[in-house]
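The two complexes that follow have chain A in common; it is paired with chain B in the first and with chain C in the second.
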Partner chain A sequence: MCSVQEDDNDVPFSKVRPNESIGRTCMKCQEKAVLITRVNDAFCRSCFMVYITHKFRATIGKTKLVRDGEMVLIALSGGPSSSALLHLIQEGLSERTHKKLRFRPGLIFIDEGAAVNLPSSERLNNCEKMLDTMRSTGFPCCIKALEQGFDIDNIPELTSPSGTCCPGSQVEKDLGTIDHDTESISSDISTATSSVTLNMSECSISSSMEEPCSNSREAIAVSSLSRVESSFQKYEEAEEKLRCLLKSLNSVSAQEDLIRSIRHKILSEVATTCGYSKVMLGSCGTRLAVTLLTDMAIGRGGQAAVDTVFADKRYKNLMFLRPLREFSSKEIGMYNALNDVESFFIPTLTTKGSDGASIEHLTEAFVTGLQRDYPSTVSNIMRTGEKLSTGAEEESKEYCAMCQSSLDTNVVASSALNAVQFSQRISNRAADSDSIIDKSNKTGECCGEGDGGCNTTRTRVTKQQVLASLCYGCRLAIRKIDDVEKLPLYVLKDVFWRVRREKMKSEIEEFLLDTS
Partner chain B sequence: MPLKCGLCDKQAILKRPKTGDALCKECFFLAFEEEVHQTITDANLFIKGETVAIGASGGKDSTVLAYVMKALNERYAYNLNLVLLSVDEGITGYRDDSLESVKRNEIQYCLPLKIVSYELYGWTMDAIVKQIGLKNNCTFCGVFRRQALDRGALMLKVDKIVTGHNADDIAETVIMNVLRGDIGRLRRCTAITTGTDGALPRCKPFKYTYEKEIVMYAYFKKLDYFSTECIYSPNAYRGFARAYIKDLEKIRPSAIIDIIHSGESLSVKKEVKMPVQGVCVRCGYISSNTVCKACVLLEGLNKGRPRLGIGKTHKERLKMAEDLNEKGDSSINSQNFFENGQLDSFSEQSSQSGLSCCRSTTAGCSCQTSEICNDTAGIHSSVDQQKINSLAIDF
Partner chain C sequence: MSIPITLEFSGGAELLFDRQKRHDINLPKQEYPWRIQELLPWIRDNILKERPELFLQGNTVRPGILVLVNDTDWELMGELEYNLQPNDRIIFISTLHGG
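Moving on to the complex of A and B:
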């Protein structure tokens, strides 16, 4: 049978041969062109810089989300995109700039070396390089290790599903007043920068999650390298936990997915405890197109919009911004080359792998391959994303205990989720027992609330309880896990908290009035 | 050591592509059929006493569908009146073999068979290929087959059509629509039933069934089907999406269902305008544009401009739509399209809504079918390239 279905459209994208910039003139000023962006726009160097900076400012400016003097945490990975982001921000803040950026940046680098089994000498080396880069900016900065995600120990507040950690709210209040002061003093950029430096600084390598920023106002001093070193000793236990968890997932795609969610958790944790209300991510449009398609492939279609939109509002009181979403990786590369912006190569799980090493890796090869032949691929994919709802308008939705997205598992009878579950039931006798790890639901004595001071008693939850609190994508990621106790504490605590709430609700159910 | 069936302790002979479970033949058949039954009941696809046409191409999907539909209809007393409906595309070699296969199914499954022909448009696939060459001709395949199937079904007075679209096809369509930024189709393409708004409903009982398992089922049941691919060139988009999904499946077999879940959980921004469903002014067929894709393609063929309606020729299409409106299109009557005059219901429909609307637009439309008028106005003053770009029949 012919494979064509009635909605197939024949010529998918215009296939454009890449044009050479040699011998062409700039479309703006007729100078000699140095490069061609998008389809056929030739630019000379200075017009290109204008074009890039304008696009960057416009992306941030048009939403009016970033207020003057607001503290913004910049997430650096060492890669080309986030390095370009840092450079663009530095330029935008500098005195000579006409239309200055007026927010106050702080920098963070998350060392993910543990996930890739990088030797500690190499991890140290990466951290040193990043620290040098971050320090040279004069902005407050910090380094976290991915395994520190296992030390996050928070209990969701009754009102805020995003889960700010308890000591953080105190700090937040303190910083709030500083924030206010700075504003009233002056909007002069130099004052702003120096006072920013006071705020974050030591929320760094050696400080643990439990007491973030407690000494933040004491010193601007960036941590010495010896402290970087000692920090590796400190997180050995967490590192082991991380490795153990990743191993039990039994799939590189699942590992990547989990790393992404832990990374976001750390970012949101550092941001909220240190008084940052925005986090900027360096993902460019090409990367986001890959993310969107990957999301579709790993059952996260419902989150694809929120994962690629400019302002990701899934966390309460905190916003993730993606100011480079209008840039292609080619433009980023050109910007970095023209400005001598350095970036580092930091290995990931699939660095040495083939295209089939993971779903994300495959998707990346697929998108970049298509983009080469059909230059509208990335913008087509992004156009799809722009029309999707992020679900931000809907309040009080249930959210996933692991990735904080709204739950997509409350589905109608006729649905992929039910079909999958039916398949598992019908072709595997053991399927039902598979989902229950035989551990008694011992709820322990911990109240599961308050300041978490009683967390000495370990709270046990079953795999089924965990799965019930996760979105489709997160369920998929931990499907192969042998023991849910391997999950980070913040996930388990969140699940435990839900279980308790459920129990409470069932106890008082007969007295609840139906208000719907 | 041979693996044991996970359900009955007999020797397993296969590993299910969908779940990875080892099963014996009998248990696999049962699991396969029960899943289709579950899909049908979960979605309430049928009502007792309905006449349901099975779109039969002679290929594996529709052959297995016919077999399973018949089996389930008896086992669970759906009380459906099943018929086979086949489209003769007029492709030399391909046609003969695939039709032979459908005719064998008619006898084997004791189901009545109706064959409708492309020639109800006056064109065979071979003649189309002669005009436009080998490139792009599958646009005609797809569009004409869909309409021919609907028309055949109307002649048979059936209540519903079921097609053999499987999970792989749907996942492919989802990815394809993401790649081309087509939000309207992206939203619709995961629906298990389409065309509920007036047109003949079409359902996909294999929506959650893996292509590989369909092949397995046919193989172990020794079902008779025609497996040659269409000899003409398939579309580039779908080709990319298909290759991508095959690679995904190797990494994670559940990816196909995961993509369908993704598609099902998408929600579109409120402010994004969706194309309004209307009817083609020429033939009365359901369409989100003034003139349906089949009519555009046909017009191109008849006027010797066969590339009309393919890909980025929207300027031509725009012009055609304008011509059509200016003339009031008196030249159009249903005889051009339905030469045998057997498609009464369609001729009626087109003279009622389509043509009257079309004539009145120049002098301010007074008809009730406001969608059509909006559409026509849209084409007149069209700034919205997007909309014109997507001139096509809905999936």
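Moving on to the complex of A and C:
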């Protein structure tokens, strides 16, 4: 037996009593300390900054994944962690830094207001604030709305304006450029919306990828009035779809899960079309520890490792990096407070909710509660998470149509998954085991691939077909959905493609058998 | 003599205070010195607008809310035992996801 010490003193460090910490000095330079971090380390302001900067650069540096001049997309939510990330990157790139960071950042903000039913005026306000922040950095930036995830794969021109990272390219020019700045855009929007009820998504158009140095005025002009109005309908529809989909899910946990998956899809889509090979996420260690435990609880145990490692390689040709994974939320909060880094408050589904509002929310209360009395909680969870591996990452070639992680559902007959499915089947037998299959075939449309000459029709996919293409976590999330057509198009297309492949395979198989 | 202090709420904590981030308040005079321990219930009774359980837990702040006294971690100031001084600036930052 491999026994770790079994003595009684093997308990986690608990917090030092408050009155023992009064007036402590910095453990490095003996100046007056301003905070206690890690388990019990007191730092003064300047030593804390050095410590944070060093840890940030070491996290990026030691993996040697980010190369010189590489384009990296920074995903901003406006919250404290991503604001701190942006600040750290700006510091790291500035001339006064001894060893500069050498990658080329681009910024993206995804407006998720539609998911929490935020009033459009507030969403517009958020987007404008974010746009101001992003433009003040001088990096190329873009804003997307969460509902745009529904249009991925659907309308090619959706991504093309943002796809042109070089400013003033043909696409943008064609859109009829009007020279104006943000203020006039907002006035444009308000005039546009005096006739129609305001939809936030205009803002997402008003800000395609832009290179602020040279042509920002021209690029921003994509939001000319006519365009705002023409695209207005499209987003309205997508927003409705998003609401509809979220409503049809049975729990807040499932909604959160779905939002996360759509968000990642948009990030990967923007990154791929704009030529970024890395995406940096602002998740801090505390957040990731919560994610790790939440994943276990929502049936994503197989993805818990990739969801929390530094480099998430589940997407092809794209890597998600988490450079703040070594930081606790306290360190982030202190960093922002001491540097006057402004962050916006963006409400989520569980804002002002009780602890049990969702699995994630409950897990967060659990982790932060433990963390208060035992300051090594988060790092313990993270270190344990690092050791997790399903061993399936390499061999599996099958991917979930929704979250792109490797499928964990291709398992042997004696697995827990099959047991679950079996008991589900038994309990639903009378009800609807077969009636779920929607046999009504919609005809008349081309599959949309290629030039349209393939003469195939895009039939409705059945719920069963969709479920078969999803990992266990995604299956759980959409289990209660009444109509799979509510899912984003990219999921349906992927499923449809798989179904066709499967069919083709079986046809070929027959053919081969006949000739042999 | 009353004690003037400044309270700031951010990171979502301001939602419980009518979305107002900064509060300049005067603590009424009392015989013994004001400590954070007494300040917290005072906040709850006087300026907190809703859901006290999202701000306080037991006699202290809810885990996940950072407290800074004059830009210094309150853990270095004795936490609940800290004696408030006139013109102190106390900041409450929620680090919880979604406030």
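As a convention for this text, the second predicted complex is superposed on the first by the 377 of 516 C-alpha atoms of A that agree within 3 Å, B and C clash if a C-alpha of one lies under 4 Å from a C-alpha of the other, contacts with A are read in each partner's own complex, and residues count from 1 in each chain.
FYI, contacts are C-beta pairs under 8 Å (C-beta built on N, C-alpha and C of every residue); 3 or more make two chains touch, one makes a residue touch a chain.
Bear in mind that the values here come from a model prediction, so they are computed numbers and not experimental data.
> So in the superposed three-chain picture, is A:I266 touching just chain B, just chain C, both, or none of them (first/second/both/neither)?
In the superposition, A:I266 contacts neither chain B nor chain C.
> Using the superposition on chain A described above, determine whether A:L124 touches chain B (first), chain C (second), both, or neither.
Neither: A:L124 stays clear of chain B and chain C.
> Residues of chain A touched: more by chain B or chain C?
Per-residue touch count on chain A favours B.
> Return first, second, both or neither, reflecting whether A:I74 touches chain B, chain C, both chains, or no partner chain.
In the superposition, A:I74 touches no partner, neither chain B nor chain C.
> First (chain B), second (chain C), both or neither: which does A:I298 touch?
first
> In the superposed arrangement, which partner chain does A:R287 touch: chain B (first), chain C (second), both, or neither?
Touch partner of A:R287: chain C, not chain B.
> Could you say whether A:L85 touches chain B, chain C, both of them, or neither, answering first, second, both or neither?
neither
> Return the residues of chain A at which the contacts from chain B and from chain C coincide.
Residues common to the chain A contacts of chain C and of chain B do not exist here, since the sets are disjoint.
> Going by the contact rule at the top, pick out the chain C residues touching chain A in the complex.
10-12, 14-16, 51, 53-54, 63-64, 66, 68, 71-73, 75-81, 91, 93, 95-99
> Which of the residues in chain A come into contact with chain B in the complex?
1-14, 251, 253, 292-293, 295-302, 304, 355-356, 358-359, 362-363, 366, 370, 377, 379-381, 383-384, 387-389, 391, 408, 411, 413-420, 422-424, 426-430, 472, 476
> Residue numbers of chain A touching chain C in their complex, please.
Of all residues in chain A, those touching chain C are 18-19, 21-24, 33-36, 42, 79-80, 286-287, 290, 329-330, 332-334, 336-338, 343, 345-352, 354, 360-361, 364-365, 368-369, 371-372.
> What residues of chain B sit close enough to touch chain A in their complex?
6-7, 16, 18-19, 21, 23, 27-28, 30-31, 34-35, 38-39, 42-44, 57-59, 61-62, 89, 98, 136, 138-139, 141-143, 145-146, 165, 169, 173-183, 185-186, 189, 192, 207-208, 229-230, 232, 234-238, 240, 242, 244, 247-248, 250-252, 254-255, 257-270, 272, 293, 310-312, 390, 392-395
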